[in-house]
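Sharing a structure here in structure tokens format.
Note that the chains take the letters A, B, C, D, E, F, G and H in the order they are written out, and that residue 1 is the start of every chain.
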Amino acid sequence: MDEARLRELLDAVAAGAVSSDDATRALRGLPYEDLGFARIDHHRALRQGVPEVVLGEPKTPAQIVAIARAIVARGDNLLVTRVSPDKARALLCELDGARYDESSRILSLEVSPPAARAGTVAVVTAGTSDIPVAEEAAEVLRLIGHAVVRRYDCGVAGLHRLLDQRDTLAACDVVIAIAGMEGALPSVVGGLVACPVIAVPTSVGYGAHLGGLAPMMTMLTTCSAGVVVVNIDNGFGAAIAAARILRGRS
Amino acid sequence: MDEARLRELLDAVAAGAVSSDDATRALRGLPYEDLGFARIDHHRALRQGVPEVVLGEPKTPAQIVAIARAIVARGDNLLVTRVSPDKARALLCELDGARYDESSRILSLEVSPPAARAGTVAVVTAGTSDIPVAEEAAEVLRLIGHAVVRRYDCGVAGLHRLLDQRDTLAACDVVIAIAGMEGALPSVVGGLVACPVIAVPTSVGYGAHLGGLAPMMTMLTTCSAGVVVVNIDNGFGAAIAAARILRGRS
Amino acid sequence: MDEARLRELLDAVAAGAVSSDDATRALRGLPYEDLGFARIDHHRALRQGVPEVVLGEPKTPAQIVAIARAIVARGDNLLVTRVSPDKARALLCELDGARYDESSRILSLEVSPPAARAGTVAVVTAGTSDIPVAEEAAEVLRLIGHAVVRRYDCGVAGLHRLLDQRDTLAACDVVIAIAGMEGALPSVVGGLVACPVIAVPTSVGYGAHLGGLAPMMTMLTTCSAGVVVVNIDNGFGAAIAAARILRGRS
Amino acid sequence: MDEARLRELLDAVAAGAVSSDDATRALRGLPYEDLGFARIDHHRALRQGVPEVVLGEPKTPAQIVAIARAIVARGDNLLVTRVSPDKARALLCELDGARYDESSRILSLEVSPPAARAGTVAVVTAGTSDIPVAEEAAEVLRLIGHAVVRRYDCGVAGLHRLLDQRDTLAACDVVIAIAGMEGALPSVVGGLVACPVIAVPTSVGYGAHLGGLAPMMTMLTTCSAGVVVVNIDNGFGAAIAAARILRGRS
Amino acid sequence: MDEARLRELLDAVAAGAVSSDDATRALRGLPYEDLGFARIDHHRALRQGVPEVVLGEPKTPAQIVAIARAIVARGDNLLVTRVSPDKARALLCELDGARYDESSRILSLEVSPPAARAGTVAVVTAGTSDIPVAEEAAEVLRLIGHAVVRRYDCGVAGLHRLLDQRDTLAACDVVIAIAGMEGALPSVVGGLVACPVIAVPTSVGYGAHLGGLAPMMTMLTTCSAGVVVVNIDNGFGAAIAAARILRGRS
Amino acid sequence: MDEARLRELLDAVAAGAVSSDDATRALRGLPYEDLGFARIDHHRALRQGVPEVVLGEPKTPAQIVAIARAIVARGDNLLVTRVSPDKARALLCELDGARYDESSRILSLEVSPPAARAGTVAVVTAGTSDIPVAEEAAEVLRLIGHAVVRRYDCGVAGLHRLLDQRDTLAACDVVIAIAGMEGALPSVVGGLVACPVIAVPTSVGYGAHLGGLAPMMTMLTTCSAGVVVVNIDNGFGAAIAAARILRGRS
Amino acid sequence: MDEARLRELLDAVAAGAVSSDDATRALRGLPYEDLGFARIDHHRALRQGVPEVVLGEPKTPAQIVAIARAIVARGDNLLVTRVSPDKARALLCELDGARYDESSRILSLEVSPPAARAGTVAVVTAGTSDIPVAEEAAEVLRLIGHAVVRRYDCGVAGLHRLLDQRDTLAACDVVIAIAGMEGALPSVVGGLVACPVIAVPTSVGYGAHLGGLAPMMTMLTTCSAGVVVVNIDNGFGAAIAAARILRGRS
Amino acid sequence: MDEARLRELLDAVAAGAVSSDDATRALRGLPYEDLGFARIDHHRALRQGVPEVVLGEPKTPAQIVAIARAIVARGDNLLVTRVSPDKARALLCELDGARYDESSRILSLEVSPPAARAGTVAVVTAGTSDIPVAEEAAEVLRLIGHAVVRRYDCGVAGLHRLLDQRDTLAACDVVIAIAGMEGALPSVVGGLVACPVIAVPTSVGYGAHLGGLAPMMTMLTTCSAGVVVVNIDNGFGAAIAAARILRGRS
């Protein structure tokens, strides 16, 4: 239930088109719905302007299905992240109308198409192997309603590949800079653009890379002022941060 | 040299009030000025909308004075962070018109008062001991031109202290949430507000706190979607990130 | 052999109903029974009021069966934790009367139903994925004889989900607060209730979460005074700690 | 303001001895008092049965004095932990009636003597150098009203030193086991007693001891079921945990 | 080739029973034999009194077979550690006369029975799951010629299980104390006996146990003077250290 | 496209044998070719004298094939590192003329044989299990055109195995010293030779070895002046570093 | 009280030269003496053959004096390690007959000269800066009664400095190998000698050396079989380990 | 004694100008001179082409003076690194002709001016605060005889500051790239030049920077092929590595 649908409902009540009882029933789930093993935060869309997103990885298919049905039952779009191909196959059987995007590992079910929002986000990666994290961010942003510009494999070891994108990046409202290995990309991007830069370290690398801790430390200690960081491989978090930033734009 | 002053200069050239030669001389320092031991990025104000800020801690007083004079000589405001009281005393003797703020440890020299900018930032701390980091953020924001709302000692162990500020926080455009110890504050704040939340871990704590690594990890692994993180004690970085976010607001 | 059964035996000896020889034989196993590869601590029930619990994970099925038979042979209830479904299948064939609880991964064999004990324990989780750890704690408590109140998916990012449980928690004697990700839940719970709070970090998370080290550090550095911590995923340990605390209650 | 004083006040109102206005004024500070840089949680005593304790280490003397005066002004006892001798000297000049205990580094001001509470706590250390942490715990417990039994230098390398205390420990309601170096003490104590054992790692040690992380890990991974852990050197936290545990005892 | 066989060969030369040429040929392999991918140190037995032992884990079956044949060809006994059951099956087909011990994961081929050596070694474990490491140590010691006394599952949480072994341990010349979880066993053993104590941390545990780093730190920071430590799970290293210690005994 | 082929092309243009249009077409790909998911740096060979090498491990077979075809289409030799046997099988079907070297896990496709370059590189390993990393380095060097001398299993525990190679090493221009376990080899080699020594830690080891961090730390803190280090298992990086060093030799 | 003095006392009782009462009084202190803040283990000398040694670093001068007097009062030699020069000055005033050795930082008071014991220990260091740790080991060994051979600054970067000592080391019964920086020395020494090698990492180094963790890891993961390790800078522990090893020698 | 002086001496012997006895005396110190606490490696200059350099930090002034005199006595130039200003003052009094360079913290005594060697080294820093490490490298290179080009404060956050130096860097034979904070500089430099790049992480930074571990990890996991790394703040090591690389150049 997002703000638009809430207003619609209340207008209908005011106009006598919907009875108080029915409106109450519709709103009863708020602030959350208790499934026993999960409490679904239906009014997050209302409170924060982004839908409740389900982190699929640690949940069983049965848990996901139950949560998904509760969300869809309220008329909200469904977004499940970190769904393995195997789990996706099981879920697609249970959830009519759902679709699975293999590169982002996102399973979604769009009850209604997301309304377009102001603000374009550039999603840039250092390497080819960082693309799944980038696609997670891009797909989440698409479902929220933002335009996305993708620029992949722009690592700083071949600087011209990044410098060529300078004008493109400068024209965006937020840049999400994604890098594994040593994670130097956001430092350089942060110096090239004036808009907010959200850095995402990835687990792509080996040895001293420590599963992504090395680029994470790189990004947190950046000499590029004002670059902010989210958790390793957290494309979803970067997208939501971008949506929070752009929420005030018209 | 910020955008306003640049435009003024170019208008003057267009109007014949300033000769091309003089304008060239004024702009010659761009893109940076080489002091031998430092390259001052005078046009960062132009490129990114925030002044070049000097990290005072690892520099000698002599280095700071030289850099400060080069900045002031171009008509820019000066902002030096992490200046110890001892070092401040030495610098105040050398830099006429400078002032030192002990709680934020910032030394500044305002050639002209900062122009007010749209966007209010809430600076919230979990404890009393996190205040120096908060003041660093607040003072940097003030010098950039943003309004700041301070709410200190709102840690989650006494939740009512934070919940009382809910309306205040909801009315701001960005929240900077600062916490040492276990660093849980930004997770809770992230659930209360819809605007961007910048989390700053601090080095206040002991034992398993690991000099701030524990709250840093807490903040990076937050279950509050879209909360972003900067380095430990990096009040300055949080302020610049807020300024980048608010740059697009009118 | 617990205290009640010991007293019963000794009374029977005093009353002449059991010969000294038979009593000796019954007690001979004390203080422990040596199986060669394991020394079973039969009198722990006597000494500490909780049965000897077998950590199933690193043991072979053959080892578990041998230990289980020795425990049951003395008339004690059996409790094996961290049993994988595969291993459980093998054990159920060998141990008549045993039952396996998939969500807690506990295999138990109740020779006699556990006597009810004073003291109710609330088991609270931050997320849905923390439930297996919670169920391990709850099942161990049930077998010791304590009442358990479950409240799952109450993470601090949607604070109202937790605040709604405030009265329930306040009515309990001990709270076990279980959280993965950033582990902020016990800090907030610790501020809401006056009873002992046992924090359990879980391995649910990724990246900077470090397999549970991040929430563990969070909980150890909590600003909520008097919150205590057990090892990552150690639902069993939290339950025994609760039982130790409640042992003095009548 | 603790529960007893609250009831007294309300009785006086009921009896007409105190006007509603005066009672309101007395209660107005609740739930907390805002000093600008600190929010003092006066009703924690009410909520949790333990007084608000000030962590002295990271605060300036001026901050401590202001907080102390606000606490004392409400008739509550004052307890400041981790006060260095230098800072103590400054505070004793400002706070009439305060006393400083050098071995526990606690500064206290007892407006009224703490009422005795049921429950005795054993405070045991592995070495001589762990005594300051033990004294912090013991002094906090004394000010809350619990009896304390001290047993110091009982490390496991000379096991007879610990085994001699077995009967003493068995007679207590809670054991706080404090150890630096390898931190093995709580594992052994946990096997000797049936009551709750709170383990406190200390920063006493060197090399692989890692400032207390080694004994902390030791204690968290203990094979002694039900031993719980607090942060390194956190004698205060252990004492509050013990007080929470004993709160239900009569 | 060990010292006894060398002396025998030289005596035969002196007696004219073996020609210089044949002796030279026999000794030619010294100091090592180059297989291209491996250099086998045949005279280590001579230099150090222990046979060259092959670490089987990271090597391919083909590499092990080639090395094994070179060792056996010189008349030395073969000892391969850390051989998985699968790899063992393949090796047993290729190496006539070899035998595989599943609990220690050692594959051996005894050309001649090991000569008995002075000195008995106690191998003690804290838990049942530490047995594979203990068996690795015990089997290596057996093949070197030392008597071994096994005492398993003597963890410090049930101290009587260890104290019962005090006389047995006191009668041995070296104690190898093996423990996972918190690794407290060697600290206690070190206080009970006067002989050398070699501590072996194991990877048995979870969470804060960090794959064995926690007990390793425990053992290195022990307050039991003179306890020495080898790498995690390194039963082999502990056995060789014991053999070095006992080498001087008659 | 390397420098030789570039000069040839330009000479042909100068001689009229190739039209400007054709030359332009040939050079058009510079500075990189955009495949959407990857930007291939064709002129790296020109800029740095080494071909673009593809890190195969984190890429899908489809991505590798697409990149490989783009490289080969320009007439460059192809070199893909860290290709698993399974992936290799798939790639060999798609890429005519490719060959796979199992011990180095390198897949290559030589359009033209590499031209010999001045400078011999010694590749030395401490153990047999370090050979795959060594072969990666050796194979990359061979494809660049350098002579390679292999010396394997020369660990410092049997020093004579290394000292025997002293003259061989002294005759080389660069030594790549590769070691897992404790990683002491480069320290000793660094003292034996005067030429550059590139140290490569490997992931061969267990326990305190920490996946290669231990030998990496060993090598970085070496007392052998001038030894330099690359990432764990990074045979490729060591080879390129050697090639950079030898680039100036004639 | 060591074994010799005990036998002497009992013989005197048997001969009627000492009354039972006097003997009882002399032995009453056993097994330990309780000073309140310390429990002195007087019969450790009896149990383990080495005197009780006081770790001076974390104790106050007053604590050391009290413990020292209790030890000397029983006729035992006193040995205090890690005494800073400042603390030593204070102690020398209080303890008649004590002497302080600045290089080992040991304060000792020899009631009677240590009896010579069989077994010579080589103490070898990699660098000049490791000498204080070496001297701590050497001085402890001297006070126990063992001969010590010192060989300093034999690091592996200049291998000939170590190889020159090969015969000397081979003639010793135990080698203590001490190294900071990368800690490679014990690996090489372990391959040169057949006797026990005790490795001591030191805190001499910087950067990736991590306060001694790097050489500690090096030593624990050594490929030199049978090398054992003690804590960083723990010269004392190495000496006691050597004494334990040599205890069985005649 | 370097190669030139050795040849000169031998020529003089051949010519009869120097007697064998005198030559023997001159060479007697080889291979090292034993001062008891130090073994000076006089022929390292011969073996490796670089003088023995003394690491001043962990040594006492008396030790440095003794070593210095032994080096100068043989006619070699003296180079002591990491000398604090205080220590320098003491040393300058003792060592005639010595000079101290405060920015590099190097104390040197040039018996004869260093002969010029082929090869220019660029020393580049990311920030102003990295200069002391850079100066250590530059001064060591100067004393070995190489030309040095300094480029300071070229961090990647203001990329134009670095790109401006591209031609300068391309004209050098080796680049030493020094950076604290996130350490991204060498990754970018590695992509700009074809010559060897030696990366030096520095301890300049705070928080997640971990005393230099963060930039060290960054540099080791660089995506810029062939960049090599030395220890944190190890300007000296980088210089010697550069000298090893350039040794083969004419």
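As a convention for this text, a contact is a pair of C-beta atoms (placed from the backbone, for glycine too) under 8 Å apart; a residue touches a chain by one contact, two chains touch by 3 or more.
Keep in mind the model is a prediction, meaning the values are calculated, not measured.
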Fewest hops from chain B to chain F - one hop per pair of touching chains: 2
Field: Relative to chain C, chain with the most remote C-alpha centre
entry: H
Message: Centroid of chain F to centroid of chain G, CA atoms only: how many Å?
response: 50
Field: Inter-centroid spacing, chain E versus chain C (mean Cα positions, whole Å)
entry: 38
- prompt: Which integer distance in Å separates the CA centroid of chain C from that of chain G?
  reply: 45
Touching two or more other chains - residue numbers and ranges from chain B: 127, 158, 207-209, 213, 216, 220-221, 225, 231-232
- prompt: Where do chains touch, given as pairs?
  reply: A-B, A-C, A-F, A-H, B-C, B-D, B-H, C-D, C-E, D-E, D-G, E-F, E-G, F-G, F-H, G-H
Query: Can you list the residues on chain F that touch chain G in the complex?
result: 126-127, 155-159, 181-184, 187-188, 190-192, 205, 207-210, 213-225
Query: Which residues, counting only chain C, touch chain A once they are in their complex?
result: 127-129, 131, 152-154, 158, 160-161, 204, 206-209
- prompt: Okay, in this complex, where on chain B does chain H touch?
  reply: 31-32, 36-39, 41, 44, 55, 57-59, 63, 67, 201, 203, 211-213, 216, 231-234
Statement: Within their complex, chain E touches chain G through residues 47-50, 53, 173, 193-198, 216, 220-221, 225-231, 236-237, 240-241, 243-245, 247-249
